[in-house]
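Handing you this structure, nothing more for now.
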Amino acid sequence: MIGGGSGAFIGAVHRMAARLDGQIELVCGAFSSSPEKSKETGQELYLPEDRIYDTWEDMISQEAEHNEGDRMDLVSIVTPNHLHAAPAIMALEHGFPVICDKPLCLSIAEALEIKDAVEKSGLPFALTHTYTGYPMVKQARHMITSGELGPVRKVVVEYPQGWLTEKLEDEGQKQAAWRSDPAKAGKAGAYGDIGTHAANMAEYVSGLQIIKVLSQMSKVVEGRLLDDDTSALLEFKGGVPGVLICSQVSAGEENAVRVKVYGTNGGIEWCQEDENTLLVKRHGAPNQVYRTGVDNSYLAEAALVHARVPSGHPEGYIEAFANIYRNFTMAVRAYFSGSSHNPTYDFPNIDDGVHGMALVDAIVESSIKGNAWTSPKY
Amino acid sequence: MIGGGSGAFIGAVHRMAARLDGQIELVCGAFSSSPEKSKETGQELYLPEDRIYDTWEDMISQEAEHNEGDRMDLVSIVTPNHLHAAPAIMALEHGFPVICDKPLCLSIAEALEIKDAVEKSGLPFALTHTYTGYPMVKQARHMITSGELGPVRKVVVEYPQGWLTEKLEDEGQKQAAWRSDPAKAGKAGAYGDIGTHAANMAEYVSGLQIIKVLSQMSKVVEGRLLDDDTSALLEFKGGVPGVLICSQVSAGEENAVRVKVYGTNGGIEWCQEDENTLLVKRHGAPNQVYRTGVDNSYLAEAALVHARVPSGHPEGYIEAFANIYRNFTMAVRAYFSGSSHNPTYDFPNIDDGVHGMALVDAIVESSIKGNAWTSPKY
Amino acid sequence: MIGGGSGAFIGAVHRMAARLDGQIELVCGAFSSSPEKSKETGQELYLPEDRIYDTWEDMISQEAEHNEGDRMDLVSIVTPNHLHAAPAIMALEHGFPVICDKPLCLSIAEALEIKDAVEKSGLPFALTHTYTGYPMVKQARHMITSGELGPVRKVVVEYPQGWLTEKLEDEGQKQAAWRSDPAKAGKAGAYGDIGTHAANMAEYVSGLQIIKVLSQMSKVVEGRLLDDDTSALLEFKGGVPGVLICSQVSAGEENAVRVKVYGTNGGIEWCQEDENTLLVKRHGAPNQVYRTGVDNSYLAEAALVHARVPSGHPEGYIEAFANIYRNFTMAVRAYFSGSSHNPTYDFPNIDDGVHGMALVDAIVESSIKGNAWTSPKY
Amino acid sequence: MIGGGSGAFIGAVHRMAARLDGQIELVCGAFSSSPEKSKETGQELYLPEDRIYDTWEDMISQEAEHNEGDRMDLVSIVTPNHLHAAPAIMALEHGFPVICDKPLCLSIAEALEIKDAVEKSGLPFALTHTYTGYPMVKQARHMITSGELGPVRKVVVEYPQGWLTEKLEDEGQKQAAWRSDPAKAGKAGAYGDIGTHAANMAEYVSGLQIIKVLSQMSKVVEGRLLDDDTSALLEFKGGVPGVLICSQVSAGEENAVRVKVYGTNGGIEWCQEDENTLLVKRHGAPNQVYRTGVDNSYLAEAALVHARVPSGHPEGYIEAFANIYRNFTMAVRAYFSGSSHNPTYDFPNIDDGVHGMALVDAIVESSIKGNAWTSPKY
C-alpha cells in the first residue's frame, strides 16, 4: 500500500475493504512521505520492519527483487491525486497490478501515461469508484442496460455534501487542505472529488457515455481556489439529456449520492443513504422495492454475487468497496493463472479513469468558456 | 367559475378548495365552451338555471348587473392557458376580483395586459401556485428568509412526472391534448405546465428572484410539439447558483415536486410526497423534522395559520389549495371593507404571474439560442 | 350538527369533511351546552338565527316540524362520548339519519339502545372511524379480503400518541379534560379514544373480527383516572394471533396509526404518516408501493372511488373523513329514494359501533381480571 | 473457530467481522461435525493442514499444548445452539476466552454451567447479540440511560421476518432445519432465534431488565415443532410496560428489528433497515435525526468509537458485528496484559446470556400456563 498513514481517511477504508473477504493480506507499505510516519503506521498494522518502506520507490523496487510468492502481489495507491501517476506507472513497469483511488490522477496527460503503462504491461488495473460496488447499483445497471425499462431518456445524478461549508482548508483540516489545493487535487475541487464519482455512476448505471457537458462551476466560499459547487447539463450518447449536481457546500448534507435513470416504461432510483434499496419505477404499475440479499432470488446474478448476507442485514460502504477489491483480486488471479476473468465480477478500469479525467477537462473548459457545450476528448 | 366542466381536472380541485373552509359558495358559472356542457355541469353542482351561463362573457356582464349582495363576489378562472387573459381582464373591468389558474396566460404581452387591468381596477388578483399553500412550505420560506440558516448559497428544485411518457395527446386524452398544444398552452410544454410551479417554489422558499437562466428543453417523445423535459441552470439575485429540473417523461414518477435550499449553516428540503414534513438540515448538528400541526408551537406563525388540524393528521393538496382560496377571500373582504390585508395570509399575485411568464420567455429563448444565459424581462 | 362549538377539535373537522364534496350543507345546529356559545358558533358559520338552537332537544323536535325539504336531512353528532346516545336515539326516533363520532357511546347498554333505535327506524347510521376512509386502507382491505395475499396469519396494529405525556387535564386543556374523565369518556381512556380506532382498523383491513383479548392497561402518568397506555394480545376469528398497542404517553409521537396484516404469501403495511402509500409485501418477490390516485388503474375499484385527484397530489385526513360523509350521504339518498346503496361506498355502521363498545368492555375486564383472555359479548 | 462450515450462514459472518479491523487472524478451526467438510472449509480459508481439526475437542486440547504465541488466542463458537455449552466450557477450562453465537445454549442449566466456567476461569466471554454493536444503538442507549429523555415509560420491540412462511424445514433447507428442531434449537423457535435478540435490544437500549413476561407463542405453520410467531407483554424493572413481537411468518418481511423507547419528554426509534439513523423524538419540539459518523461530533463517545468512517458512508451489519469482535479483542488483550478494559467498548457477556436463557424459559412457561405473567429466574 502506498499512502494511508494516520490521519488519512481513505487508506483505512482500503485496508478494511481489502481484508473483508480474506483474500488479501497487507504485506508491505510506504504509508507516508515521512519515513517516520510510515514506520509508525506500519507498526500499528503489525507489519514486519523490513516490509515498511521509507518511500514508494523503495517499496516497488525492493519488493520486485523478492522471489515470487514472497513479494507483494499487487499495489494499492491511496495517496492524494498528484501522487497517483508516478507510483502507478512504476508499479506496472515492475510487474505489479495496481488498484488506485479516484480520480485517476491530475491531468489527461498523466492519465494517458498510466494507460500506456497498463497496456504495455497487460496487467489488471482498477480504479475505486466505490459506488459501483453496491449490489443494488449492479442491479440498476442490469435493469437499465438489459432494456427491461426501455431505452433511456433521462439521467439525473446528484452528490451533495456539506462539509466544506466553512473554509476548513484554512483551519488545518488535512482532508480539506489537499482537496482544495490545485497542486494536489488537480483542476477541479468538488467536481474532481465527488463529481467524478457522480459522472461515473451516471454512466455505469445508464450504460451510456457522456458525450457533451455544459457546466457551471462555483466557488461559493470566498477565497477558495477550486470549485466547491458544480452543476452541469449533460448529453449522453444517443442524445439522452441529463443533469449532474455536486456540491460540498450544501450545509447539513452528508454524502447522499443519488442517481435516477428513466427509460420509456420505467426508471430506477438509488441513493447511498438507503444503500440496500433500489426503487424501481413502473409506468402504469406500482413501483417496486428491490433489496440486497443473497436470498433474494429475483435479483440479477450481477447483484447476487456482490451480496454477502441474507436480505435485511445491511451491507454498507465498506462492503461495496470490498467488492471492488474482491473482483480485482479475481482478475489478478486470473491474469497470473492465465485464465479469463468473469465479466460479471466487474470493476472500474483504466478506460473509466481516462474518460473520467477527460470529463474533468471538459467540465472545467465548459465553465471557463462561459458555460458552453464541451465534449470530453476520450 | 369559468371553465371546469366535466372531464376537467383542475376545476373540481378549485371547487373543493373553495368549499373547504366554508367561506366561499359557488353561485354561478360558465363551465364550458359548449353551452350544453356548461348547463349539465351547473346542474350537477346544484346551481339554479339562471346562474348557469352559456359563455363567460354572459356571466360577467349579467352578474355585474345584479345588485350587490346578489351578484357573485369574485371570479375563478380554471380554463386552459389561452383562455385566462380575456376573462380575467373583463372580470376586473367589471369590478370582480379574480383568482386564476397558472401559468398566468399565453405570453408576456397578455400578462402585461392583465397586470394593467389589475392595477387600473385596484382589485385583488391571485394565481394558484398551489405548492406555496402548504404549511411546511410557509415554514421553509420563513426559516430561509429570516436568515436562520444563513445567507442562501444553493437552490435545487425538481418536478418529475411520468404521465406523458407515451404520446397521450394522440389518444384523445384531453389533459394531454391541450397541454401539448402551443395554441392552448403557450410556448412551453413541461416547463409551462410544471416548470413554472418549480420556478415559483424556488423563488418563494429562497426569497430570491431568478435573474438568469440557461435551459435545455427537450422533446423526448418523437413528434411532440412542445418540450416534455426541461432542465436549467439558474442564477438567483446575489449570484446564488441553482438548478431546475422538470420532466413529464420520467416514467413511473407521480408529482414529486421537491425543493432544496441551502444557507451557510443549514438547509431545508421539502417534497410534496411527504407534504407535512420539512427536513431542516443543520451543519454540525442533527437534522430536524418539522411537521405540520396547529399544536406544533415551535412552528412559525406563517406555518401555524395555514394548518387546520393537530399534528399527525395529514393535510394534503386540497388543503394547500384551499389556503390560497382562504387567503384570497380574506384579501377580497379586506378590499371591500376598506381594511388592510394581513400579509401573513399571502398568496401568489399578479407580479408573480408576470415574472413567471417572463421566465417562460427566458427559458425558451435560452434554449433556442443554443443554451445561453438569458435574463427574464420582468 | 350537535356539538362542535369553538374550542372543539373534531366538530370543525366534521364540517370540513361534510363540505368538501359539495353534497352537504350545514343548515342548523346546537353547538354547545351553553346557548350563548351555540349562538356564537352558529353565527360564525353564517347560519340564520332561527336555525341555531339552544339545545339539541330543541333542534331535533323543531326541525322535525318543518316541511320536508325545509328541515335538516340528517344529524351529525360531534359531542364527547357521554352525549352520543341520547341525541342519536332522539334523532332516529324523529326520522333523521345519524352520523356520529366514535366511540359509539359510554357503555354497551347505551350501544344496544342506539342499535335498537337504528333497527326500529330502519334509518342509515354511520360511525366516523376516519381511517377506514383512506383510499389505501380500502385497497389494503381489498387485497387481504380477496385472498390475494393468502389466508391471514398475523395482525399488528399500533396507535402511538404523545400529547398526554404531561397531565394536561389539570391544566385546563379541554380535549384532555373530557377524554380522561370517566364520566364523559367512559371506562377507557387511551383505549377508548384511539384504541377503538386501532381495533376497528385491524378488523376492517383483515376482514376478521377480534374474538378474544388479553390486555394490559396502564395509568402511566400519576394520578390519571383512566388508562393512558394500553397493549393487548388479540385473537381473531379462525385463531389468527394479533397485537394492539395504543398509547397517549409516547412522547414525541403524533398520530401514527399503523396496521400490518400478513397472509401466507405476503402482507400489507399502512401508516397514517404516509397516508397515500400502501406497502405491499411479497414473499419471494420485491415489495410494491401502491399509491392513491384516480389515475392509478392498477388499484381496486374500492380504492379508486375514494380518491379525488390524480396520483402524486396528496389526499389527507379531511379527505378520508369526507369519504365517510360522502358515502353516508349516498346511503341516505338511497334510503329516501327507496333504492339500494352500492356497498363499495361503505362506512362504519351501528354494528361496528356496538362491537367496538363490547371490545372496550372486554379490554377493561381483561385488565381487571389480571390480564386474562376475555371475549367481547357482541 | 468451531462450526461455520460451508452452507452455514453465521460462520462466514463471524469471520468477516473478525477480519475487518485487522486485529484478529483465523489460525485454526473445527468447522464441521464431518472431518472431511472441516478440512475442505479450512483449506478454502487458507489454513495450514495441521491447524484444521477433525473435532472441536481435538482443536482445544491440541492448541492448548502449543506454546503461548503459537496457539490460538481465543475461541469463536458459531455452531447451532445445542453445540455451544460443551465447547465453551472446555475452551474456558483450557484457558481460552470465548466468543459465542446467541442464544447462549439450550437451557438454563447449561447456561449456569457456562457461567460457572466463566467465573472459575475469570476469562472474558462474549455473546454476539449483533444489534447492540451498531453505533446508533449505542447512541440510543446513551440518551435513554443518561436520562436525557426522562424516566422510561414504554418500550416496544419488534422483530419481523418472513422466511419461514413456508415449511422450509421439510425441504432440506439447513438453516430452517436446525432452527425448528427442539433438539438443536432448544425450547423456543422464533423466540429463541430472534426473540432473544429483541429482548436483549429492549433491555440494552432502555437500560432496564425485563422482570415479567406474558407470552403468546404460536405455531402458525401447520406441523411445525416450535413457535414461529411469538408476542409478549412485558414488565420492566420499575413497572415500565412493554411489548415484544417476533415472527418468522410475516411474509415479505426481511429482518427489520425495530426498538422504540419512550421517556417522559421524548423517545428514540431505531430500525435495522435504516441502521445509521436514530430518530430522536422530542415532546414539543421537532424530532431529530442522529446519524452514524466519526465526524458527527454531536454524538456520544459510545457512538463515536463504534463508527469507522465519516457520516454518509453507510456502516452495516458486518461492521456492527465487528464492533463486538473488536471490543472483545480489547478485553482479551486487557485480560492478558493485566490491565483494565474500558467499559465504553462494551459487549454482551455471560450474564446477558444467562438472563436471556431465563427469559426463554419464562416465555415458554407463560405460554404453557395459558398466558400468565411469569418472571425469569435470573
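As written, the chain order gives the labels A, B, C and D, with residue 1 at the start of each chain.
Throughout what follows, a contact is a pair of C-beta atoms (placed from the backbone, for glycine too) under 8 Å apart; a residue touches a chain by one contact, two chains touch by 3 or more.
All of these numbers come straight from a predicted model, not from anything done at the bench.
When each chain is reduced to the average of its Cα atoms, C sits farthest from chain A.
With B-C and A-C as the two chain pairs, more C-beta contacts join B-C.
A straight line joining the Cα centres of chain A and chain C is 54 Å long. In terms of their C-alpha centroids, the spacing between chain C and chain D amounts to 42 Å. One simple way to say how far apart two chains are is to compare their mean CA positions; for chain B and chain C this gives 34 Å. Shared interface positions of chain B, defined as residues touching 2 or more other chains, are 253, 280, 287, 291.
Across the complex, chain B meets chain A through its residues 149-150, 153-154, 156, 158, 160, 162, 165-166, 214, 216, 218, 220, 229, 231, 233, 241, 243, 245, 247, 249-253, 260, 262-267, 280-283, 287, 370-371, 373.
By the touch criterion given at the top, residues 9, 12-13, 15-16, 19-22, 26, 45-46, 161, 163, 253-256, 272-276, 291, 293, 295, 308-319 of chain C touch chain B in their complex.
Chain A meets chain C in the complex at residues 280, 284-291, 297-298.
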